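Look for chain A in each of the two complexes below; its partner is chain B in the first and chain C in the second.
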Partner chain A sequence: MRNTEGRWLRLTVLGIVSAGLVLPILAGLWETARAAFGLLPAIGAETLSFDPWRQLLALPGFMTSLRLTLWTGFASTLLALAIATGFCAAMHERMDMGHSARLLTPFLAAPHAALAIGLAFLIAPSGWIARLLSPWATGWVLPPDLATVRDPYGIALILGLLIKEVPFFLLVMLAALSQVQVRAHLAAGRALGYGRGLVWIKVIAPQVYPLIRLPVFVVLSFALSVVDMAIILGPSNPPTLAVAMTRWFFAADTMLILPASAAALMQTVLVGTAILLWLGAERVAIWLGRFWVRRGGRGLSSGPGLALAGAGAVILMLLGAAALLALLIWSVTWRWPFPDALPESWSLRAWSRPSMGWGTALRETLAIGLATTALSLTLAIAWLEGEDRAGMSRARWAEGLIYLPLLVPQVAFLYGLSVTFLRTGISGGVVAVIWGHALFVFPYVMIALSDPWRALDRRMVRAAAALGAGPLRRLFAVKLPMQLRPVLTAAAIGFAVSVAQYLPTLFLGAGRIATLTTEAVTLSSGSDRRVTGVYAVLQAALPFAAYAAALMLPALLLRRRLGLAGAAP
Partner chain B sequence: MRLPLLAFLAAGLAAPACADAWDDTLSAARGQTVYWNAWGGDERTNDFIAWASAELEATYGVTIQQVKLTDTAEAVTRVIAEKAAGQTKDGSVDLIWINGANFLSMKEQGLLHGPFLADLPNAKYLDLSDGSAAVVDFTIPTEGYESPWRLAKFVLTHDSARVPEPPRSMAALLDWSRANPGRFTHPAVSNFMGATFLKQALIELTPDRAVLQGPATDENFSAATAPLWAWYDALRPSLWRAGETFPENASVQEQMLNDGEVDISMAFDPASAAAAIEKGLLPDTVRAYGLDGGSIGNISFVAIPFNAAHKEGAMVVANFLLDPATQAHAQDITVLGSYSVLDPARLGDAEKAAFAALPASPALPSNEALGPTLNEPHPSWMTRIAEEWAKRYTE
Partner chain C sequence: MNALELRDVTICPSATRVPLFAPLTLHVPAGSVTTIIGASGVGKSTLIDFIGGHLSAGFEASGQVTLNGRDVTRLPAEARRIGILFQDALLFPHLSVGDNLAFGLDRAVHGRARRRAAVDAALDQAGLTGFYDRDPATLSGGQRARAALMRTLLAEPQALLLDEPFSKLDPDRRADLRAFVFDHVRDRAVPVLMVSHDAEDAAAASGPLIALE
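Take a look at the complex of A and B:
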């Protein structure tokens, strides 16, 4: 009879997730689709037609936008995967899980927008790298006319995406590798005369890949539809499809909302097709791989490739760190002319007037982030507790449900969702924004908490039950204290995801809710890097603070319960 | 307190007494609070309005309450809503900072009080002749329904340390850019500043400027703009990044000037370079200048809605804004840095002295160096040029 235990809890959680997560996405997609076919009564469009599509195809630069989107999306995902795999192969034996995760944290925590703003300054022709090398090495007294940022090929955008995606892949790979007998395979492979790289590619990668497939799709979907990073690093005339449609959505000419909706729908189809293409490519890779593995080639030929991937990962992390450092320096600069390696004069003026804007933005960001995280965490724990009580593992459709908001491109349903919210009267406020953030925070919290929750030592729970503790008492007195560390880590991840949200805040806040992220992206198209620096530094500092708290709080709270404090993964 | 006084004074106003009509207005205005609906996005402008309120209170007993708008259309919509609701007096808007399309729409719908400009004593300092910039708002004659208060004007900015002798016409700019490839660009044409740059070039290059004062049509567009596109085709390859991409807006281009990525930038405010130097955003060698043949300029106006509750107070404010002392204060670079709308030829020695006494910034062009102000083309030209440009130059 165990299956009926906690049925109400499970049904309630499922109801909340369906109504709160799935329904808004479907409603958003529905409204977007209606507008894409000419139905948006609010602006007087009331006839069903293909005109928005015709208009979309006729917009100047549309085909270039499409090409650019596909190229940057696929290139960044493939490269990130290759670099992360190579780095794992080269370094895995020397890395210990906890330590590496801590090393990767800053890159995972740093919001896309802040990183992009810093990177844009770093690699610009008049940027920090050029300043460090000029004029003594380059001879440049004036910056050269080179397209290093916003280049027509989107290289800068790909680079920016790599800095965020490689650490993400590394983290999921490390988690997956803990389920694979790496040492044994390597020893066996070597004994048979295979080089380390070949063992990785032929034996280990095929076992790891299925475990990280969903994250790969998340990254692919994200890279194809990213907006904030593409605004800052991508080309502008024309930009990628996602940026172009965001511009049309917010254009003074409201009739452009119709072709923008068509583009949003196309974006969904694009991501869907891309995932199908990827699945097709998997088949081909399996077929070719089997043939290749059976041929039995061995040796050390893959050594240079591994070294290259390893170096690539290190360079990316250095660039990321330098980008964040550049932001910090700019925020305390007065003047920093080219080609000085460091500012000519310093000033705290940009920080000195919180009332001028960053104070409010900081408060809003904190409030929204905390509320969203608390909401998502509660829901995630309720979900996991429901699974526990039923004693069943998660169905595949449930896993799909959790990943849904991460797989459907944001731009595709956010506009429609804002229309739906408008109709129900909850638009333009903090509530709408918190709801919108929760769509993306909940999945990440859920993913982060699921594995540690399952790894919980059941004997303790059983012992508590045997001593007469009811389900609630078991949850609050046994499970949660034991899970304190993973719960806090999941909360930190959730908070970081909320802080970084750009489009949900923009669309659902109706321009009235200004967070650090929306302000930083807006300011990045202004002339004052010093003020932008303040916002970007704060934007990056919040998630760091959350992660630091997640690391330090357990030690503080559990200082009398060493057994629990040590139980961390 | 205010209402009986108002009624009494309104009765007083009805009696025709031309010579001391302004005195009547002044006494009616005493004690009024004027709700000035003005775009609130600029801290310096907000501070200036607060200063004006303090001055007016001390001299005339009138205070200003600024209603900070994010878009002027908000105020227009409010007045329309009030009219629709039958509220023909005691409306919530007393004074609007207004321009172009919003003015046209209010004037056409009969939502404005006036004509009142001629009643303002300080109007004597304005050039009120037909076609003067002070009486035309985006090609639409103001006919006394709005009063000027500040001037915006197209200027080029350059780093004098790198370009001592900048090009002073669009033709010279082409030669300069070809001689210095990659050192000039303009903001994206989807941005207002980029479009203004093309408008400025259009005025200089078009065969018949008078055509631009009327609407652009399918018939007149290609003839009027052909020289512009020929000029632009020649210019584009020499632009920064070969004219394949453009800075998003004038702020980004200002940053490029600061970084040394380009040598010339542009602004729609002659004081912007001096203000940016003050803020440490540009090197102190940057200068602003007007083009030899004159530069596009437009004047910002204030207008009074037909149902304003405090019309007299609003007129006192409008008159105060035209006072040479106020205009000189506004032109002070440490205050607003916004250029005077008054006609220098109509100022007496004392008034001129107020302007001469302003703190100088080498980055601030003198009124003479700015050259004449050219009228904006009809709004339809800007829309068409931007569309045509996107068609021609977006691959």
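Take a look at the complex of A and C:
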């Protein structure tokens, strides 16, 4: 009887999610696949063939690109996981969830592009670090001829990815750790003579890992397919596969779209294979781990490894903070000759003329971000409300549906999606871009809101029903106000995700929509750090403002409600 | 005529399909408090959930609930006009004490001033004069329980369910609140059904007693 409650709501939500989220991804993959086998009537390619693949393999630097992609993707993901695990092991007892989450927020909020540009300003041969050390320590009076950014090994790219991924892993690990009896198991393990570090590796980590597996796959897929950060920090000739195919898609020679599509299809296979490989490695790790646990080694000396990981996490956060500071300083610099530690003269000139471009980009970014967030939030709340009314818990396939856009690489379907949009006449406008952003904003909003929504005391809702409040009134007068904080946090996360989007704007805006992100990435290859700084500062400032609002609004609105402050029962 | 009636009510968890108790048929007349007594875990609160329309997914029930001759078994909770006093006060934390009462107040009371006056009168009755703007989190346990009762009564329920409403209070406060609750509900001349595992509650209710096994 109860399962029929809210059936229409659930069907509507499922319909919108299928048609709005899943269908575009499938249609995009389909069009990409057709083009990968020579079918793209728009450029006159109408014969089914393997030529695009032959072309792809023959393109200069292809194999190097592939190798580079695999190296940077796996290295950054593994390192980030190790550093985050070590940091948790070393610090967990001294961290409390609320404070740590607040400390991590700036790094989660900062868009990849802004952070990458700031990091380049920091570690480049003429960057801030070199300036701080010169000439007294290095003797350099001119920027040295070193490839510290865009290095052929992708070290700068890995570093940039780590600054974003370690805080993300820390956040999901902290959430997972709250479901594990850390203190009790740590005490039990240590009472059996195991060192703290080893209890973490042998007892705690195996309990945490299954809970963070999907986020690990999301990070792996992202690291293998990232474009904006790889353009700014990664090697440029040849670049990673994702950057290479983005270039081919936008090359003057439109025939390059065919091998680019083949590469995009290959990227999907690559990510799928990488996840399978990872799953295989899990099996091996479980087998080896069991063997290792049975030997009973106590290993009292795992301290140094933990300290190293802890130090690594701290260094990454300091680098991230310094990178954002470098952006701000450059945006108000007038003259800053090498090797001075600070600018010689300051100026607001780069900021003074919004009509020069950043005003428009700011407006576009805001409008797209707000619209996308509002749409995604509405859909997420409707979904959760549908689950509530049916009294159902989420099926695994539904959870998979939410994660789908985060697991399939963006480059793999966005070109195909732009072709579909072109055919249906919604291409190149703000609507197409908002739709594209929502594909990635919705999952994050949904993930952020689900746990707090389920944690709501159901008896409050029953009490409202017993007082005669119908479903709509229960939602708007009881649930949503009680969930103000998580709803606003989810909105801030969604907005930050939208602001950071690069590829969807690029592909679906057809070059006509310029946001802070697309402009910042384009400018990053130029020479004027002042102008680049302005765009990057604005790009980073928007998510910060959203997070700050999400933090402060509830404090303001609910300042007289102790029961929602988290302190009272 | 005014009565809450249960006919052959059984409830079982969907997983096991073993009924929690033997089929229950019950006539709860208006103006007195009928008490169902039983050990914890026997399904008293689940029975209250079923009568009020709040049965969780994971339970299946059969039988019929009628209120004043009207079959309410298939109605959603908000349409049954059955008030519930829960173990906890469950005041909405985002609303002030007065707004909590206003949330409950029957729609039939029109006009801002009249609604405000009704809420203020209820606050007076509960010994909470001047508490309209207070944060529920700053109230004592007894004050919260009285506010919750007032919120429930303002909705003009046609029947009342009491789900161990005194079990979480200190023993000395319990007697006071019990007297307060029973005084107010007897005035209403509506059927009242209480579940409890406390013999003192049942004695104070001084109405029919049913043991659930």
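The rule is short, and it goes like this: the second predicted complex is superposed on the first by the 562 of 569 C-alpha atoms of A that agree within 3 Å, B and C clash if a C-alpha of one lies under 4 Å from a C-alpha of the other, contacts with A are read in each partner's own complex, and residues count from 1 in each chain.
Here is the rule we go by: contacts are C-beta pairs under 8 Å (C-beta built on N, C-alpha and C of every residue); 3 or more make two chains touch, one makes a residue touch a chain.
What you are looking at is a predicted structure, and each value in this text was computed from that prediction instead of being measured.
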Simultaneous placement of chain C and chain B on chain A, clash or fit: fit
Touched partner set for A:484, first chain B, second chain C, both or neither: second
Contacts of A:210 with chain B and chain C, given as first, second, both or neither: neither
Touched partner set for A:359, first chain B, second chain C, both or neither: neither
Contacts of A:135 with chain B and chain C, given as first, second, both or neither: neither
Which superposed partner A:60 touches (first chain B, second chain C, both, neither): first
Touched partner set for A:145, first chain B, second chain C, both or neither: first
Centroid geometry (CA): angle chain B/chain A/chain C, rounded to a multiple of 10 degrees: 140
Smallest distance from any CA atom of chain C to any CA atom of chain B, in Å, after fitting: 55
Shared chain A surface residues [contacts with chain B and with chain C]: none
Chain A - residues contacting chain C, complex: 1-3, 5, 390-392, 457, 459-460, 462-471, 474, 477-478, 481-482, 484, 558, 560-564, 568
Contact set on chain C toward chain A in their complex: 49, 52-58, 74, 76-79, 81-84, 86, 88, 90-96, 103-104, 106-107, 135-138, 151-152, 155, 157
List of chain B residues in touch with chain A within their complex: 43, 162, 181-183, 188, 240-241, 244-246, 248-249, 251-252, 254-256, 258-261, 276, 279-281, 283, 390-391, 393-395
Touching residues (chain side chain A, partner chain B) in the complex: 60-61, 64, 124-126, 142-143, 145, 147, 150, 152, 235-238, 334-335, 337-338, 345, 347, 356, 525-530
